[in-house]
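Handing you this structure, nothing more for now.
As written, the chain order gives the labels A, B, C, D, E and F, with residue 1 at the start of each chain.
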Amino acid sequence: MIIGSVSEDIKVEKRVALTPEILKKYKTLGLKICISKGYASHIGFSDSEYQNEGVEVLNNKEEVILKSNILIQMGIPSNDDLKLLKENQTLIGVLNPYNNEEKLKNLISKKVNCFSLDLLPRITRAQSMDILSSQANLAGYKAVVDSFSIFEKAIPMMMTAAGTISAAKVLVVGAGVAGLQAIATAKRMGAIVYATDVRMASKEQVESLGGKFLTVEGADNLETEGGYAKEASIEFKKKQEDLLKETLKKIDVIICTALIPGKKAPVIIKKDMIEEMQSGSIIYDLAASQGGNAEFTKPNEVVDYNGVKIVGEKNILNKLPVSSSNLYSKNVFNFINNLYDKEKKQIDLNFEDEIIDKTNVRFNGN
Amino acid sequence: MEIDPFIFRISIFILSIFVGYYVVWSVTPSLHTPLMSVTNAISSVIIVGAIIAALAGSDNEIFQISSIFGFLAIILAAINIFGGFLVTQRMLQMYKKKKK
Amino acid sequence: MSANLSATFYLISGILFILALRGLSSPETSRQGNYFGIAGMVIAIAVTFLAIGNFGLGFIVVLIFLLVGGSIGAFIAFRIPMTAMPELVAGFHSLVGLAAVFVAIAAFLKPEAFNLGIVGNIKLASLIEMSLGAAIGAITFSGSIIAFLKLRGIMSGAPITFKGQHILNLFLGILILVLIFYLCKTQMSNIFWAIVIISFLVGVLLIIPIGGADMPVVISMLNSYSGWAAAGIGFTLENTALIITGALVGSSGAILSYIMCKGMNRSFFNVILGGWGASEQNSTSTSKEQKPVKNGNADDAAFLMKNASSVIIVPGYGMAVAQAQHALREMVDALKKNGVKVSYAIHPVAGRMPGHMNVLLAEANVPYDEVFELEEINNDFSNCDVAYVIGANDVTNPVAKSDPQSPIYGMPVLDVEKSKSVLFVKRSLSPGYAGIDNDLFYRDNTLMLFADAKKMTEEIVKSL
Amino acid sequence: MIIGSVSEDIKVEKRVALTPEILKKYKTLGLKICISKGYASHIGFSDSEYQNEGVEVLNNKEEVILKSNILIQMGIPSNDDLKLLKENQTLIGVLNPYNNEEKLKNLISKKVNCFSLDLLPRITRAQSMDILSSQANLAGYKAVVDSFSIFEKAIPMMMTAAGTISAAKVLVVGAGVAGLQAIATAKRMGAIVYATDVRMASKEQVESLGGKFLTVEGADNLETEGGYAKEASIEFKKKQEDLLKETLKKIDVIICTALIPGKKAPVIIKKDMIEEMQSGSIIYDLAASQGGNAEFTKPNEVVDYNGVKIVGEKNILNKLPVSSSNLYSKNVFNFINNLYDKEKKQIDLNFEDEIIDKTNVRFNGN
Amino acid sequence: MSANLSATFYLISGILFILALRGLSSPETSRQGNYFGIAGMVIAIAVTFLAIGNFGLGFIVVLIFLLVGGSIGAFIAFRIPMTAMPELVAGFHSLVGLAAVFVAIAAFLKPEAFNLGIVGNIKLASLIEMSLGAAIGAITFSGSIIAFLKLRGIMSGAPITFKGQHILNLFLGILILVLIFYLCKTQMSNIFWAIVIISFLVGVLLIIPIGGADMPVVISMLNSYSGWAAAGIGFTLENTALIITGALVGSSGAILSYIMCKGMNRSFFNVILGGWGASEQNSTSTSKEQKPVKNGNADDAAFLMKNASSVIIVPGYGMAVAQAQHALREMVDALKKNGVKVSYAIHPVAGRMPGHMNVLLAEANVPYDEVFELEEINNDFSNCDVAYVIGANDVTNPVAKSDPQSPIYGMPVLDVEKSKSVLFVKRSLSPGYAGIDNDLFYRDNTLMLFADAKKMTEEIVKSL
Amino acid sequence: MEIDPFIFRISIFILSIFVGYYVVWSVTPSLHTPLMSVTNAISSVIIVGAIIAALAGSDNEIFQISSIFGFLAIILAAINIFGGFLVTQRMLQMYKKKKK
């Protein structure tokens, strides 16, 4: 069996699905690999690095797509590329079925097996393939590093002969995977970190990282069975607003990570709150692509509102492409490892397996 | 002005209680089991009484009823003495720091 | 041998016994302590022979008995598996108790031999002493037997309680005292026998209501009893060695059981008066604590780790919750000072976010080269002496390897169970994130340290 | 007496010599203050913030210069502004006498008192005015935050379900004030930090921050009495090179801070060393304005050499203007506090005072 | 009062003394311990009166003497300043020693009164016992006098040594033994007097070579001597209370001096044999240690801070070098658990880079609101009980406020000297960055803790 | 079979040494000074001997030379007893935890 991967459109996506680190592991599975020329050179991995590990570097994307049994990508390929796919080929990536329904229906009708890793169930066994975790984790880290680099003051407390710089106060909205890593990173830098979330379990988690949890009093636990958040009640939202408004007066940097799966991101940082903030503060909105947690967030833009900078980052991991690609390739490998039947040397569409079943893209139950 | 030896014995008794009290407080907890086993072994000094009982009277009396109790006591105490000290020894062997 | 000389030697033997106990206070001197004990015993026995001065037939018979008993003892000592230590000690206690009873009987039957007067007219003090000695000896004997049976599993470890138990015990105790009083008045041998028999009964009654978990305390308490019995006999025989040793063993045993109760956070009186408190506890805790776990304290943990040659630390979410990373680092430093090799094993999903443990360990300045990921270190567990699992649970759960039904099946886990001993620091037996029970808690090589991770680690640092 | 300060050329200098924080202290000295319009609005301090503290905001720079007895600035003012200064006025700032000899001679001839704070002696009593320390400290911090934000990998070690990200290795060249703060900051973020310096005392200092010191064997202690570095011998340089070359293979980020007062910065990271470095690595050169510690450093440019990014930052504190201005104004205040005679209500040119003597700009001994 | 009864009461009084010492083992029970001691003493005296049974003139005279002595004692006890405690204890020792000598003399002069035979034919054992008692008592007396004079400053604290000192001491010691032997043989009173006089001399010779710093050890050793003397007399008088107490005091004093030596890192034998080691040390250390510093250990520090109501921590470069921040945080946590208010005072230039201390404290997770800059906290020192200065030096140096010549003149410094006690943790008396001596080390309210900052802090945590 | 009381006394003596040994080990260092002062006070039980010496013989003998030594010893010991216990009391007062 041959695994293939072609260059992404590096204007929107710098990450790749195959990094040199993982190649050895594919070899042990007995899989061949081919990639298109200049596949990852934009992030410092030269073709020769791949060739050294036995990867075939083909001249253009078409060759790769035609040759491979499994095509692994980061995002969904362009329409041109998709046209080349045919029966029994398998496509694995973050296909985002809700936004790409048309394209995918097309593929499915061609009997191409499509697996979208964003559909992965959050079960223990799937942790090693969990791209949401691996990528959100890095996003949380990077959001902090980036916002601190934009911020015009120093973060940690410094008592010096020329006076004291007091520690910056950071608020993390949403303490999921990204939020927790953001808390940890900000804490490391010496910031005073606050966090808020709708799930009760996150309080202990925030505190386990040295953050302070802003508890909305009388709040229900808005956690689904899968560990995700439910949409909050109006009453809850009101209480959360009041609490935040008070807190925000002293906050220097806000990192937004609150998401509700399958819905628009909740708008948590409202206009009136932003007006209370000090000039020079930063709102770094990781939820930008889902609409943002702050009122003025615009994806991939920096909005200046009364001196408060609102940074809407759509794909922050483009700023950390090496680490994120490494983790993503590992996730994909683990997924293929589960999918591939070493005896029969082919993929095994065992829909009894929750992981395979849930990630397989089907519409209306087909 | 002769003092009854009993008073002396009581003094000795009480002082020994103090000694026992203090000795144990300073023992590290991990040695509690060997400590128990060694005190157990020591408490078989009762064998002294057993020997006296067994040898009371002349040789031809040795199988009198009272001597027999003495002999039985000797066996019991002897089991204890040997068993107790040896088992302690074995336990302490375990506590020896491994050479590296 | 003159009375003075033998008294002096008995004193020496008593002192040797003190030195024996003193030696046990630290692992370095402990073996030396044992030798002191042996020396004291040899002197006591030799002096007794010399004082009697009869080296005829009787002496030889005594020697034979001594050797027979000794061989039996040695045989048992070598054969017994180390795990059976507690019941062995209990068994040995019963022997001492019985020996005390026998000596008392012998003295009662033949007081002349001990200079206590003659049958039917034994000195008052001696009579009191010997009947007390016999009574305590008998209680020790039957009590130890029950403890032995419980520990051996022949009898159920569950406390046996019935209504009026305490009143019965009290009544029997008073009865014994009354009988002693009458014995002194009438010197009737039947009363003496009655005392012995009732005391046997009391021993049984005292121990049956005490649960298996409290047995170590009981054994130590019985130890103490056997000491008092010996002291009683010592007064009868006017023998200093017996008095010193008896008092020593008596008080040390009592203190030891007190210390052990404190260590286990149990009330001394509840344990000793067995069943006082038990009745209330039973109802709530029986169903949950079906499977027995071994419960340790900081000292045990410190001891185990200090004497290990390699220790692997397995941190989990509980370490983060307790913010125990700094204390943990301190503990590792202390261990390294003791020459122990220490490494950290980080499970990929330990904690609640990727890299959770790394953040915390870095905060505590743990050098990166002591931190290993699962794949690097998993094979090392089989060569390691102690795995110190601090607030981790799911990531060690072997069910992930064995039970396809389990929600965590297929997750790689750290093979902590392969190390010689596993120490689990957590607050209770409750499960972790995945909500499933962890079979390791109940394993033989596991010691549970129930406490907040930070507190426990700090205490271990103190004990190191 | 009136203290004045006019806007800097914000294209080259964003820092200001007077921030609202310090105004109260001037008041207690009984000094009046005037500034030009829009003085610090570019860093979020509005004119009204100054006015609230009793500062007079004048419409243009000329008015301010004419009105004030002491003019405090960050850098040396423009020629136009300097022309307005006349006898007995005092100018305080970082005047950089070696580069601005012409201008300053001119002023001195007009009997304007010029004090350049970069000439401050490094004695204990002067610590609170020591702008080199206060600014270098922030520079060291910012260099790390900035380079981490540019770096395409994550810095701290993360062991995750999708594999392990190993900790980044950072080398700090020169362990002076900036270098030490860089070490501390990088260490905080979880990097493995190495450092090198020519002064022996710095070994202990580096280790006191958790860094590893690269000791050049057989090195002399190249420390002057003032605590600065001397230029190294050729032999030393050779040894240092060998050591660094070996180390650099595994280094991800280099922060350069090595300086020798009054000389060009030593070139420490040579071409052949850079060639050994992994693609994607960063060299962040704080010594850029003095020529740089790395071979290809260009001030205010990012040079890409074989995938290694060499960032030459000339005035990094423009990226941290608020904190650095705050500290700078405090330094200036402390300096004036020492200079000003409260009884006589005028400045006291007491040249017995080492601080006043050394900072006063004179050429050829006048 | 029958001999048995009084013996019993003496036993009780001995036991009360044991309990007295036991009480002193912890601050909570210490006062209770003192009461036990008083009770024991009252019983012993009362029993003696009752045993003699003579309540005539003699009794009244004795009572008067008792009251006179008692008033003097009470007067001294109330008047003496607390700082003079060591010399007071030394002075008191001399009294006990002299009393022992007097009792021995009385017994020698009138043995009938004590049942020891008659003049010129005193029982052998008693004679040995009383002459030993007298000799030890005499040594205690003159030794204590010297110690008292040295401590009081009347005599120079410097060790007085001369060649052959040890040989002379040895010779005198043997001489005493030989004289005792002849005394037993001849019962000549002159020999007895000679023994007493030579012993006085030995006492002087033993103590003069010991330096002032070692005096506490010496006092405790003399304490021990006085115990042995009492025990000797106890044997003479066949008095259990004296024997028990004497042995108790004798052994406890000896152990105490051993413990104190260990605590001060001095060799026990060097101190006791005074001057053995001194000759070598002297040459090197005299010039530097001109000014005396108070030297403490972890236990002292722990005790002081535990009982403080507020503590201010002053970290400096030494904390960074030792990487003591984590241990420090632990210490503060422990203190806070004890209800002590703790804050950190950060000097603007503490360490070697701006914000040096902040980085490290943040690493150790010290909450920002416990960290104060100089201006915020400098006034709080005067209200604080203990300033714990860990590896800081220049930033506390008051010379910056007073001496315009000093290189650090004009730098604001932390006024640590205003707090009730100052603990300085550093490795030696060497200066900090600025290279100047710090006058605070020699202040009365300063206790120097010479050690690596991390080690010391860890030890304090252990003692808390 | 009578045992010389001396043997008993020696036993008592030795056991007391052990007790003294252990008692002191468990004392916290900060209490060492009070400990010294209390042992000092205690060691003045020697007053028992002094009283006996002073009251030896009949009332009219009380100013005999041996009695005088007794009286002197009484004064010395009494100073010590009162002074010792009181000073200890004062010291311990200082160790009392301040009320907050």
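By our rule, a residue touches a chain if its C-beta (ideal position, glycine included) is under 8 Å from a C-beta of that chain, and two chains touch if they have at least 3 such contacts.
These numbers were taken from a predicted model, which means no experiment stands behind them.
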Note: chains that touch subunit C and subunit E both are A, B, D, F
Computing the C-alpha centre of each chain, which chain sits at the greatest distance from subunit D? B
How many angstrom lie between the centres of subunit B and subunit F, each centre taken as the mean Cα position? 35
Approximately how many whole Å separate the CA-defined centres of subunit A and subunit C? 56
CA centroid of subunit B to CA centroid of subunit C, Å: 18
Centroid of subunit A to centroid of subunit D, CA atoms only: how many Å? 38
In subunit E, what residues contact two or more other chains? 14, 18, 238, 240, 244, 323, 348-349, 354-355, 359, 362-363, 365
Mark out which residues of subunit B touch at least two other chains, giving numbers and ranges. 2-3, 5, 8-9, 11-12, 14-16, 18-19, 23, 25-26
Quick one: which residues in subunit D touch 2 or more of the other chains? 127-128, 133-134, 137, 156, 158, 160-163, 165, 188, 190, 210
Let me make sure I understand the interfaces: which chain pairs count as touching? A-C, A-D, A-E, B-C, B-E, B-F, C-D, C-E, C-F, D-E, E-F
Subunit D residues touching subunit E in their complex are 123-125, 127-128, 133-134, 137, 177, 180-181, 184, 187-188, 204-205, 207-210
Tell me, which parts of subunit C touch subunit B in their complex? 10, 13-14, 17-18, 20-22, 24-27, 30-31, 33-34, 37-38, 40-41, 44-45, 48-49, 52, 54, 56-59, 61-62, 65-74, 76-78, 80, 82, 85-86, 88-89, 92-93, 95-96, 98-100, 102-103, 105-107, 109-110, 112-114, 125, 216, 219-220, 223, 226-227, 229-231, 233-253, 255-256, 259-260, 263, 297, 299-300, 302-304, 307, 309, 339
The residues of subunit C that touch subunit E in their complex are 323, 326-327, 329-330, 363-365, 458, 461-462
Applying the document's contact rule, which stretches of subunit A touch subunit E when the two form their complex? 156-167, 190, 192, 210
Which bits of subunit C are touching subunit A when the two form their complex? 317, 320-321, 323, 348-349, 351-356, 359-360, 362-363, 394, 400, 407-411, 434
